[in-house]
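What follows is a pair of complexes built around chain A, which joins chain B in one and chain C in the other.
The block that comes next holds the complex of A and B.
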């Protein structure tokens, strides 16, 4: 049951909304929990057991760590032994609990996602197990780990109510593709059982429609073109292959951010605030900025739980202290960041999938960010000397377009069937750079003039909304202040544009949820 | 506080750090600058900043950073 399916939008979600709203406040979170498990069961059947095991493991580990901390506090109050010794003793116990639970959870992820890949790397002759992974395992495992780390670091208290943890990890709008939430960010609203308000419902519904608009008018329209170019790239010239990479990038953004609109909109109806996952990524002036605007919750997860702990770890500090003595503070912090970035992007690449093309994708972005970190001060100095204002609109546009180019190449590898295919596609862009037959293919690979016009109008609408968002204008707030005729006109325009111009039926193939496979 | 101001002067930020209230959220302090700042703070004030304290709220203003230093020293 995809978030874009009629079953979800016209049956499952409305039914949950009705039942949720007619029942008393105390029961409402239970309704969300039951709905979440039904949703999960429809998707993954009995693999729901693995989700339950993860939930139970972090719940028990949280309580155990809390118990250890309580005993530590008691011992500290009695002041019999040395305080530092007491702290270390109990910290070590919690470290062990943390480690065991991490291994337990990561083992499932490894088994379902990476076992086959590593067997093929090491040429193990064991039978390759073909299995379906529990849906959303990459997302809920990161959420589970964030809860464990936070409890270990005593960022907040361990949750005593098992149902709350169950709802946190299984919440149906976020379980398939995120955003990757933190327990302390959502725990208050997710279990509050607030009544559905007219405003919350309208805002949620508008957001859902906007997601459908992105996915059905643009992403689904580009799908056939992208599929043909990526599967049969040897047939096409460089510009068509490059256009395929551009179209895939647009498709991916429209599909993933459209899904996030439906996810956040669905939660908004229940008055549950879910963090944003995108912030106008195509306005980025460099790759580092792109990653602070694209899949934000994943980036923040890696920053908080990998980047800072690795860069400030003892080993890295020892290396960088030495470097600082020999060189200076800037070189040492560059190196500190580079080591941590390397670890982050190794894991980030692997998180996206078990394949060499994903590992390459990770290191590609690592290299671009590292080069940016190294040369940024030089470029700033250079511009300063030549009196070039980097904030000038034309310079900004050049920087943005340059960033697009690097993003398109990255996404080419991301969607390639293998690393070899990605390399050959990239090579083809330059070695077969001819516009011969360009027009023919542009208009025959599942897209005609009408499709291009519809997409162009839709992209202009999205571009205008993005500019408003960039200027901190909340479009829905502004719309809600307009008179009722204009409001409903916008509503109807959105609905009818999806019905009339949505790419469904003969000649189209809807995009499968891309991130659900991660 | 003077030592902290000296450290900030060395960072060459594009903002008046004395009045800025969104050093992290406004992206004036990126990850690398934060790393450099942390090592400087640790060396200068003889403190250890745990990773769990590296959150925007603690680094969004010079006042908040000073409050963090004072808390960790205490």
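The block that comes next holds the complex of A and C.
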């Protein structure tokens, strides 16, 4: 049951809303929990057992760590002996609990996502096991690990109520494609059972419609073109292959951010606040900024649970201290960042998929960010000497367009069937650079001139909304202050543009949920 | 309460606009005569009156197995599939009435599988399917906006109100069928349920009144067809003095069940459909009742439809 399906939008979600709202406050979170497990069961059937095992493991580990911490506090109050020793003793116990639970959870992820890949690396091809992975395993495993790390670091107390943890990991709007939430971010609202308000409902519904607009008018329309170009790239000239990469990037953004709109909108109806996953990524002036605006919750997860621990680890500190002595402070801090970034992007690439093209995708971004870090001061200096104002609008546009180019190339590898195919496509862009037959292909690969016009109009609408968001204007707030005629006209326009201009039915192939595979 | 009232008004306006857009986008050819919802419910009403040579009535076996566009391309005959999932004979009779009111085909094929489906065993999706088809025409015809907007632009891929599948559904998946002995001989007759026999007799009557030849046909189907059903259908055909063609015994179409089924022998895939469509084309040719209309200007839209049909298939 995709978030874009009629079954979800016109049956499942409305039914949950009705049942949720008519029942008393105390029972409402249970309704969300039941709905979440039904939703999950429809998707993954009995693989739900793995989700349950993850839930149980982190719940028990959390309680155990809490118990250990309580004993430590008691010992600290009672014993006169060395407090540092007591702390170390109990910390080591918690470290062991943490380690065992991490291994337990990551083992499932490894089995379902990476076993085949590693088997093929080590040429164990005949032993490859065919299996379906539990839906959203990459997302809920990271959520589970974040809970464990936070409890270990005593950021908040372990949850005693199992149902709360169950709802946190299985919540139906976020289970398939995220965002990757932290327990303390959502625990207040997710289990509150607040009544659905008129405003919350309207805002949630508007957000869902905006997601449908992005996905059905743009992403689904581009799908056939993208599919043909990526499957059969040897047929096409460089500009068409590059256009395929551009279209895929647009498609990916519209599909993923559109899904996030539906996810956040669905949660908003129940007065549950889910963190944003995108912040106008295509306004980024460099790759590092792009990754702080694209799939934000994943970036933050890696930053908090990988980047910082690695850069502050004993080994890295030793290396950087040595480098500091031999060279200088700047080289040492660059190296510290580089080591941590390398680990982050190795894992980030692998998280996106078990394949060489994904590993390459990770290192590609690692290289771009590292080069940015190395050359940024020189470029700033250079601009300063030549009196170039980097904040000038034209310079900004040039920087943004330059960033787009690198993003398009990265996404080309991301969607390529293999690393080799990605390399060949990239090569083809330059070696077969001719505009011969360009017009013919542009208008015959599933898109006609009218499709382009509709897409252009939709992209302009999204661009305007993005500019407003960038300026911290909440479009829904502004719209709600307008008179009812204008307001409703906008809503009807949105609804009927999706119904009429949506790319569905004969001749279109809707995009499958891309991030649901991760 | 104020918000409740506002919500109701919002929904009412939505429905008014919904109907208005539906009307605008539904094929206008026969809309005055049959109305928007009826056209949406019966795709065949999108066709110009009295332009069809033959019609095939049935269930998913028909819309998966017979492609009218292939018959048009190879023989120049105009055929239309009037078929829906898990079709019931009562609804098939209603379809017959609609067909006869708008078209005068010389031959109507009737899929035997429908005879054994009883109304009391209606599947859950049946009502939903009917409602959806009838009352949400905009979902089906939404792409017709291309006819109205930017009409001065001459593009290479023209979508139109033209029906380019003529009731067929292009599915090119493959899932091999394994029950190769499904037509094993038995003398047990699986009788067609009494109520269905009565409805079938009404269909025969209607055909006779309108001078249409009715042909019972059982198309290749490994999963739900068998020798007992063949005997039962044969008996019914004899009782009603109707021709019966069985395409299962001895596998006359040489269906390769490894590659020509989309779901383990239940339905044919596109490859299998090419064989069955050619069989129907050849059958119609042998009757000497029909002219090849491929060069007839009055049927130019069928050539146009074929070009779009091919293009659509290539993209999937």
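General observations
What we mean here is this: the second predicted complex is superposed on the first by the 515 of 518 C-alpha atoms of A that agree within 3 Å, B and C clash if a C-alpha of one lies under 4 Å from a C-alpha of the other, contacts with A are read in each partner's own complex, and residues count from 1 in each chain.
By our rule, contacts are C-beta pairs under 8 Å (C-beta built on N, C-alpha and C of every residue); 3 or more make two chains touch, one makes a residue touch a chain.
In this text, all values refer to a predicted model and were calculated from it rather than measured experimentally.
With the two structures aligned on chain A, chain B fits next to chain C without clashing. In the superposition on chain A, A:492 makes contact with chain C only, while chain B stays out of contact range.
Looking at the shared chain after the overlay, A:443 reaches chain C, while chain B stays out of its contact range.
Contacts of A:453 after superposition on the shared chain: chain C is touched, whereas chain B is not.
Of the two partner chains placed by the overlay, only chain B lies in contact with A:303; chain C stays clear of it.
By the touch criterion stated above, A:502 is placed in contact with chain C alone, chain B being left untouched. Here the vertex is the CA centre of chain A, and the angle it makes with the centres of chain B and chain C is 170 degrees, a multiple of 10. Between chain B and chain C the least C-alpha distance in the superposed model amounts to 38 Å. No residue of chain A touches both chain B in one complex and chain C in the other. Those residues of chain A whose C-beta lies close enough to touch chain B in the complex are 150, 153-155, 288-289, 292, 303-304, 307-309, 311-312, 317, 320, 324, 329-330, 332-334, 336-337, 373. In the complex of the two chains, the chain A residues touching chain C come out as 198, 224, 228, 443-444, 446, 448-450, 453, 484, 488, 491-492, 495-496, 499-502, 504-507, 509. Residues 3, 6, 10, 13-14, 17, 21, 25, 138-140, 142-143, 145-146, 149-150, 153, 155-159, 164-165, 312, 315-316 of chain C touch chain A in their complex.
Partner chain A is touched in their complex by these residues of chain B: 27, 30-33, 35-36, 38-40, 49-52, 54-55.
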